Amino acid sequence: MVVALLSIAIGATILSGLVSIYYDVPRQMGAEFRNYGANVIFTASGDSFTVSDINDAAAIFDSGDIVGTAPFRYENVRINEKPIVAAGTDPEGVKKTSPYWRITGQWLEGSGELLVGANVADTFRLKEGDFIDVYYTPEGSQSADENGERVVVEDNIKSFTVVGILDTGGKEEDYVYMTLADIEELTQADKGRADIAELSVSLSADELADVVDKINAQVSTVHASLVKRVTASEATVLTKLQALVLLVTVVVLALTMICVATTMTAVVAERRKEIGLRKAIGASDTSIIKEFMGESMLLGLFGGILGSVLGFVFAQQVSINVFSSSISFRPLLVPVTVLISMAVTGLSSLMPIRSATYVDPALVLKGE
Amino acid sequence: MFLRMIRGTLFRQWKKMIMIAFTIALGASLASAMLSVMLDVGDKVNQELKTYGANIMVVPKEASVIGDLYELEGEENASAYLKEEDLGKIKTIFWAFNIVDFAPFTNVTGQTADGSEIDIVGSWYSHHMELPTGEQLDAGMESLRSWWELKEGSWLNEQTASQNDNGAMIGVTLAQRLGLGVGDTLHIKGKANELDFKIVGIYDAGGEEDQKLFTYLHNAQALSSLDGRINSIEVSAITTPDNELAELATKNGPSSLTVSQYEKWYCTAYASSICWQIQEAIPDCVASPVRQVADSEGAILEKTQLLMILITILSLIGAALGICNLVTATVMERSQEIGLMKAIGAQNGSISLLVLTEIFITAIIGGVAGFFAGFGFAQIIGHSVFGSAIEFRVMVVPIVAVLVVVVTLIGCIPAIRMLLGLRPTEVLHGK
Amino acid sequence: MSLLELKNVYKIYGELHALDDVNLKVEKGEWVSIMGPSGSGKSTMMNIIGCMDKPTKGEVLLDGVDISKQSKKNLTAIRRDKIGLIFQQFHLVNYLTAVENVMLAQYYHSIPDEKEALEALERVGLADRAKHLPSQLSGGEQQRVCVARALINYPEIILADEPTGNLDEANEEIVVDLFNKLHQDGTTLIVVTHDPEVAEVAQRKIVLRSGKITKVEENRNFTGKIRFDD
């Protein structure tokens, strides 16, 4: 009996554990895929848009789905008389949308700090802790006024401390990064303006496409688009991963069920003598089947309950070990596990019980 | 006599033995299927992650320093180019086998009839290469840009194109702006030459590439008289996730490593060591990992493998307990027979030997059958999930063998202990 | 010296005295039957004589060796060499043929010899059934296989526990005839039985009651044949 209960509980543990993992894989893996960075890009549908437009558009997503939002404003500036692209952004947002950025030194945090792309750092031989002046030539400085005289406008200058060197292997290495407030101070124009915003949202490609359409319809200033490279690839890989876990679950499950069935067969076969005895003292076949089935169903019930608990514990352990996040408890899984384990135990004992009732009680009792 | 007894159990008790063999086969097949899949899942997922595109970027040495900065000013850097003839060398490096795809890029600008300037990129699409190793490879954009959605027409293809084919693919945004469709011709005036491009495909890349025109390498080179010169190479390689050693090599340069560290680093497929080898192979180039792709691949790969390892452990435990259970149950069933043998003078040793031999013969039969069945299961998983076969790993054989032996033994021990403690009088009087 | 001698043997299970100061001598070649109702200590006595159990107190000398002082392993060896066992439920290994079941006893004793085993089966009149499995044999035939198995190693004593309990009259007679043959060959026979007819055949009948020997009857008209009362 203990043997049977144990094997049913193991079967149920595997069932509920793997199904929990199966349902949690897209969510957990989806979070891992956010390593690839932004999957939605906002651009201005008109000439320009502002940070508040971005926030309006981002509000259409469920706030829980958004991993991070990073607005960017690009300006041409000069460092040591060489033209460089400077980007103003929200450092906290970038940390979330571009987790793959590798910083030597410190992350950009406040005013007066500059994050320098690796290539720029190479060119100017900059290192962490250096001080540097950034020049910005306001618009119109090269033009002439209505009298045809050149208007000389002073360059805006701001001093920065290099806090870190940025290594991404991409074009970001050619830029310098500062906070949005700093770039506004440097340019002294277009307060609140942004050129582009990157969003990292943990939703599937289809769900994303729906929300993107909604944003394009509702927020006139913002044009949202999917980063195909990230969304399409994520969908491909995620589908395969889930299919993998599903198939593995099915295979493991099928095999465990057969194991439970063989164990039940063995357990019932051991009790042939008892069945013979019951028949000898006048029990009918149906009453024997009922009684034994009831017993095995009860085993299935206890095994199933035990298994659901152990399975949840197991899935939780896997989730914490693999994804360092906890798994949500699925109440529905408990009755399903219990029902399935009862059904499997019942079915697998039905056959041997039936065949045991065909036995001649006299023969069994004589010990043959 | 011993053999006759074994034969007796195996042939005349085959129903019981088959049940044990079957259970062991199930357990073994589960173990071998899961182990095969687990050992292969890294490679398989790595292949899948190639859909994210290149994870290594190769640019000329000078370009990497200030490359894009000049382009921002609308000038082209005249000096910094890689040579097209060096491309083949990429497949000669130590980790050549891990390089699954690569494509060269030549970026030029040209004027359309209405005078507007557009970016034109020359590249490979489905470039067939026969390598000296006998390996064949189709490399190019079609696989490197798997996320491109073809709106109309078809991909460019070197293998079907004629020598001086002037086919081109156009980004969806640019096509809309110029009002072009498949089959239309676009006249481009380059820096050196003029060419008529025939549009064969329109793609949606979901990014800035939608504003570009892609053509064969030789066309782009011809426009600016850049024969045999390329701006960059994108390489897609199967890499091992970075560890401390790789970090150390990246941070301080390979020369800072000790000889043994260097050898270990060089002979491991880290993104950084592959980059280093590419730099050795191609003169005057800088190869660097694309962090967005390389780092994420590492993270996802690790998680997937860890997940599979844990699931494998669970199923192994399940299989082990299942086998243990049944072996215990069936051995216990034989108490009467064992009691008799003891009564007619069998010593404990010979009884244990008999029971163990029988169970092990059964276990071996079940284990072998299960191993092959499990390998079959692994193939089903491989084909239905990844569309490719799961490799046969020799390593799985001893693991499954040890597992079956140990588990069967563990299953036997309580039963045999019980049988040995059994007193013949208890069973022989029909109690 | 007697072949078997029980001296003041006690077997005590808690409060219950299964054997209570039993003294018994069995000479070589003697045919003894032990009778008694259920719970009288027959089985206990048989287990002790059969080297399958040890007395709580007292000495059991078999061929001059005190088996109550032997280790379990030695007991197995003594049982193997000196005692042939026959059971009420036959206890044949059901996946071995008749001849293989006989050979099993040889195997544990020394080396199996199929020819000798076949001869033993011939002695019990089962030569033609040698290759059959127990399930293909009748109850009487199965018990005869047991007899063949018990005598194969030429034991000092054949110990039979209710040998005819599961048999009809015809088979009962066949088995008793076999015992008679064995007796004539000089084998010592101890037969535990419920059946007075079988008990009467023996040279000496011992009656056990509540662990004590209450009656010993010598059979003066010993013929070695069953005398049916009717």
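Letters A, B and C name the chains as they come in the text, with residue numbers starting at 1 for each one.
Quick note on the criterion: contacts are C-beta pairs under 8 Å (C-beta built on N, C-alpha and C of every residue); 3 or more make two chains touch, one makes a residue touch a chain.
Small disclaimer: the values here were computed from a predicted structure and weren't measured.
Novice: Taking the mean of all protein CA atoms as the centre, name the chain whose own CA mean is closest to it.
Specialist: B
Novice: Most remote chain relative to chain C, going by C-alpha centroids?
Specialist: It is A.
Novice: Nearest whole angstrom, what separates the Cα centre of chain B from the Cα centre of chain C?
Specialist: For chain B versus chain C, the centre distance works out to 72 Å.
Novice: State, to the nearest whole Å, the distance from the C-alpha centre of chain A to the C-alpha centre of chain B.
Specialist: Whole-Å distance between the two chain centres: 21.
Novice: List the centre-to-centre spacing of chain A and chain C in whole Å, with centres computed as mean CA coordinates.
Specialist: 77
Novice: On chain B, where are the residues touching two or more other chains?
Specialist: Residues 430 of chain B touch two or more partner chains.
Novice: Which residues of chain A are in contact with two or more other chains?
Specialist: In chain A, 367 touch at least two other chains.
Novice: Could you list which residues of chain C touch at least two other chains?
Specialist: As it turns out, chain C has residues touching two or more other chains at 89.
Novice: So in the complex, the part of chain B that touches chain A is made up of which residues?
Specialist: 19, 22-23, 26-27, 29-30, 33-34, 37, 41, 45, 48-49, 51-53, 57, 64-69, 72-73, 146-149, 204-207, 288-296, 299-300, 303-304, 306-308, 310-311, 314-315, 317-319, 321-322, 325-326, 328-330, 333, 377, 380-381, 384-386, 430
Novice: Going by the contact rule at the top, pick out the chain C residues touching chain B in the complex.
Specialist: Touching chain B from chain C are residues 43, 47, 50, 52-53, 73, 76-77, 79-81, 85, 87-89, 91-96, 100, 103-109, 111-112, 133, 149, 161.
Novice: Mind pulling up the chain A residues that touch chain B in the complex?
Specialist: That would be residues 3, 6-7, 10-11, 13-14, 17-18, 21, 25, 28-29, 32-33, 35-37, 76, 82-85, 98-102, 119, 122-123, 167-171, 174, 225-233, 236-237, 240-241, 243-245, 247-248, 251-252, 255-256, 258-260, 262-263, 265-267, 269-270, 314, 317-318, 321-323, 367 of chain A.
Novice: Help me check something: in the complex, which residues belonging to chain B touch chain C?
Specialist: 1-2, 4-5, 8-9, 11-13, 336-337, 339-348, 350, 423-425, 428-430
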